[in-house]
Amino acid sequence: MAWDMLPMLAVMLPVLAMVAAVPLGARGAERLTLAYAPVGLALAIGIMLVVQLGGVPIRQELGHWAPPLGIAFRADGLAAAMLLTAALIIGAIAIFARADFGTAAGAAERRQAFAFWPLLLGLWAAINLAVVANDLFTLYVALELLTFAAMPLVCLDGSRATLQAALRYLMFALLGSVLYLLGVALIYGSAGTLDIVLLAQRVRGDIPVMIAIAVMTAGLLAKTALLPLHLWLPPAHAGAPAAASAVLSALVVKGSFVLVLRLWFGVMARVPMPDAAQILAGLGAAAILLGSVAALGQARLKLLVAYSTVAQIGYLFLMFPLLAASAGEVAAKAWTGGVVQAVSHAFAKAAMFLAAGIMAARFGHDRIADLSGAGRAMPVTLLTFALAGLSLMGVPPSGGFAAKWLLLSAAIGAGQWWWALVILGGGLLTGGYVYRVLAMGLRAGDPAPEPAPVAWQRDGIALALALVSVVLGFLPLAAFGLVQIGRLDVSP
Amino acid sequence: MSLLADGVTILCVLAGLVFFAAGTVGLLRFPDTASRLHALTKADHLGLGLVVLGLLPQMDSLAGILRLLAFWALVLLASAATGPMIARLLRRQGGIT
Amino acid sequence: MTEFLLAAALLVLVTVLGGLVRVLRGPADADRIMAAQLLGTGGIAALLLAGVAMAAPALFDLALILAVLAAFASVAMARLAPGDDPREPGP
Amino acid sequence: MTGTIFGLVGAALIGIGLFGMLVRRDALLRILSFNLLGGGVFLVFGAVARRGAGAGFGGDPVPQAIILTGIVVAFAATTLAVALVLRLAAAKDRA
Amino acid sequence: MIPALAADGLLAAGILALALGCVATRRAFASAALFIAYGLLLALAWARLDAPDVALTEASIGAGLSGVLLLGGVRRLEGLAEPSPDAETGPLLTILIGIGCAALTVAIGAAVLLLPDPTPSLAPQVAANLATTDLGNPVTAVLMSFRALDTLLESAVVLLAVVCVWALTPEGGWGGVAGLRQPVVRDGPLALLARVLPPLGIVIAIHILWVGADAPGGKFQAAAVLAAMWLMPWMAGLAPAPRIDARWLRLVLAAGPALFILIGLGGALAEGAFLAYPPGWAKPLILAIEIVLTASIAVALALLVMGPPEPPR
């Protein structure tokens, strides 16, 4: 077995499964997805081990055509971490979603069931492609694949409000990708290649390239929902079915975020942009504060979780000025902090949305003010929510703590102490909205008159995801060395 | 041969241009939609017909000639079908004045 | 000869682009459909002239596609225009 | 020269399309504007391709192939958006 | 030189006028009609840019199918109770947005003018490697060999789009016939055209597909023509749309992308890289993929235009 095949398989096998899911129909597609999930997980673990042990990215030139003419896959440490995250979360979601989108033997095919499985597989393929592709146009196709897979998930339930949310999301997403494509055209015209590794060597900061980076970043921010381009996110993520919300918040926004990283610290690795990075981080800080305050004020649980996503996305952008202004260990800390934030938020937010979904199913609504009694009726669910909340707050020991601690110390190391204040303030606000839910849930009260029993598997999956998010904080710091492998902004 | 062929080409293409121009002028200047429709369907397709006719001598193979004729047939067919549809549309929208 | 044909192609283009005014101004939907049709026919004529002049068979294929799809689009426009037979739903 | 002219047309189309997408409220007109914007982006790419002519080709075939792919993807996106708009209108109808 | 410049200038002016008209027109139908005319001119512009493959694609997909799709959308929207249109954007905001968009145009225009001269190009590399693919059309070589991954993924995107459109089926419509039921038009001009045009169009599509290996053309353009030739009799009620749960339909949809991936994986096994074709096998394999993919994409494009099934009334 040639190891360089692994990233290709991690992309192409889910695509093949998605294609096959269409003729197989809802029931066949469900089985195929569940059968493929362990294979995908094994591939992701394999890639992580190969990258970690080898210490260099895995590369394959497709069709033996070397860039710039051909396209290469390149799985670096960041890609390996995201692949594993995606595999774990999507696998968990697939099992969780069986209750909602499963088809019994002999039962007629339902619309939601037919659509959900190929969409989930397509989304998985798109995320994997977005992290291992090394060609700017292939990444554009990945973005579109991601949008197409995510949009119907938003309105799977078919109600008017979700359709409206889906339309708004689609418009933002399409605008974002077409702006990205514009930048691709200008970069190709300037440098004659779309391969990120080659671009990192060739690109100078001349005007067409700077304009290209500006429009591409703007487009990607619209897709990542960084404030002030976040307006589409809360209704879209809050209206979707729980399983869909979880993948949307945990993974889909991270796909376009990874592209921003590839642009700024791949294509532009030799061209520092410290001022622009300050602006990005400023937007991130505003997202942290305003998003958290908005979450505090929400009356509905799923909207609260969605606004929490807006806030947590803000943390991801704090790494930009720290990386732009420093080198060596401080920059390494900032990079690791950002990536760990992306990963730990993915697990925590998936867990949180699943828990919110379980509660909403049990209570028949998700009004926070009427959640009293949840603690007694569904302790595991509330515990899941609490654990995920702790990770989001950054309470030690958790993945969120590791991420925020790394960012904090990088901010101090880089002499940009003001970001440290933002991180601390954001943590407090996060504590506020998580506490609000927990306090209400622990209050005595009666949930629903005749509650349907929650399947223990569903609770178990949500809890497992929350635990992963916490356990990330126990990993020795050396394990995070993985994400440093293959960074283009430090390699000679 | 070549001189004669070129002469035919020039004549026919020029005539075709006249019809195209006439079609456009009709489309722009005629007062109502119905007469514009007449101007268009007549002039436009005669224009293309003459251009095709003019290009025929320039073809050096039978396949090329057939292909050119196929264009004309295709456009005439489409026009024959859409003309009445447009006229009906006009009636329904009350556009005949 | 080549120059003559290219000039003719240009002239066809000039005349049919004049028809654009009708597409832009209407006023009836039928006007727009007709002007678009004229644009299609003119485009085909210009492509044929240029194709012969430059001995480029690709332009012939383009004209062919244009002819087929212009027919398709004209039919669709005439059929889907608002106010046309309400018994007929569109795609 | 041709490349530059149409590159500038592309730049103008990008502005026009974006304006339409942001200003018009009718959903279908927004989708149409998105297509104008996309056409502009493809033209800018086409200008790049034209200026890269060489080796006996009238244009650089790599961006041409990319534009071709892009047109198909943009069409798929358009169908999706139109279907969504129609579905939403029907839902309003029933509500 | 001067006539060429004049042609470019005319086309440019026409394209811009139509685009402005599209955005400014009050009525949606007029905008859609303008858009079709715009697509026609854009196809001519691509011919002027020496990109005949793109011109064919723009004419068939950009102008033809997109235009008809938008027209159909306009038609159906007015059939539904007119949703109360949101208030138009206020004048101040409109001016601000206009200034912003103009600034963007200026920036992009400047970027186009400031691109390095000579523009870097991969044309020499394509020319040098064209022989190994046995193809004569460099664009097809890029699409099917050098950057085959993009084409493969794109075919998957088109398939996914069909799933997405079907996912928008209203309650009660699942498993039905794609799109609205079209009333049968047995005679009249539409029926005539719907009967005569498709055979011609199919021949043209096969021609376009076949020459695509060595001359401009290929699967996407051929598929778009085929889709149009299916849609035409469908609009006349003469060719019924398929049921979306028909097994054959779903198999045809999946066949192209599946074959492409399987051949790609075969390359990984035999040649050690995904999508590597064994020496001497490049052209036959590429042709096989193109033929099957044409069928899949044609069906997908037609289904995308037809839209999701409607519940019976």
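The chains carry the letters A, B, C, D and E, assigned in the order they are written, with residues numbered from 1 in each.
Just so we're on the same page, contacts are C-beta pairs under 8 Å (C-beta built on N, C-alpha and C of every residue); 3 or more make two chains touch, one makes a residue touch a chain.
Note that the structure is predicted; figures quoted are calculated from it, not measured.
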- Query: Out of curiosity, which chains are bumping into both chain A and chain D?
  - Reply: E
- Measuring between mean CA coordinates, which chain is farthest from chain D? B
- Query: Measuring from the mean C-alpha position of chain D to the mean C-alpha position of chain E, what distance in angstrom results?
  - Reply: 11
- CA centre of chain C versus CA centre of chain D: separation in Å? 21
- Item | Of all residues in chain A, the ones touching two or more other chains | 69, 137, 141, 144, 148, 151, 155, 158, 182, 186, 189, 192
- Numbers and ranges of chain E residues touching at least 2 other chains: 69, 72, 74, 76, 104, 108, 111-112, 115, 119-122, 126, 146-147, 150, 154, 157, 161, 164, 168, 170, 190, 193, 197, 200, 305, 307
- Give the residues of chain D that touch two or more other chains, as numbers and ranges in rising order. 14, 18, 44, 47-48, 51-52, 62, 66, 69, 73, 76-77, 80, 84-85, 87, 91-92
- Go through the chains and record each pair that touches. A-D, A-E, B-C, B-E, C-E, D-E
- Query: Where on chain E is chain C touching in the complex?
  - Reply: 3, 6-7, 10-11, 13-14, 17-18, 21, 29-30, 33-34, 36-37, 40-41, 43-44, 47, 52, 55-56, 59-60, 63-64, 67-69, 71-72, 74-76, 78-79, 179-183, 185, 190, 193, 197, 200-201, 204, 207-208, 211, 215-217, 221, 224-225, 228-229, 231-232, 234-235, 305-307
- chain B - residues contacting chain C, complex: 6, 9-10, 13-14, 16-17, 20-21, 23-25, 27-28, 33, 36-37, 40, 44-45, 47-48, 51-52, 55, 58-59, 67-68, 70-71, 74-75, 77-79, 81-82, 85-86, 88-90, 92-93, 95
- Task: Over in the complex, which chain E residues touch chain B? Could you list them?
- Result: 188-190, 192-193, 196-197, 200
- Query: Where on chain A does chain D make contact in their complex?
  - Reply: 69, 137, 140-141, 144, 147-148, 151, 155, 158-160, 163-164, 166-167, 170-171, 174-175, 178, 181-182, 184-186, 188-189, 192
- Task: Going by the contact rule at the top, pick out the chain E residues touching chain A in the complex.
- Result: 104, 107-108, 110-112, 114-116, 119-122, 125-126, 129, 145-150, 152-154, 156-157, 159-164, 166-171, 174-175, 245, 247, 250-251, 253-254, 257-258, 261-262, 264-265, 267-268, 271-277
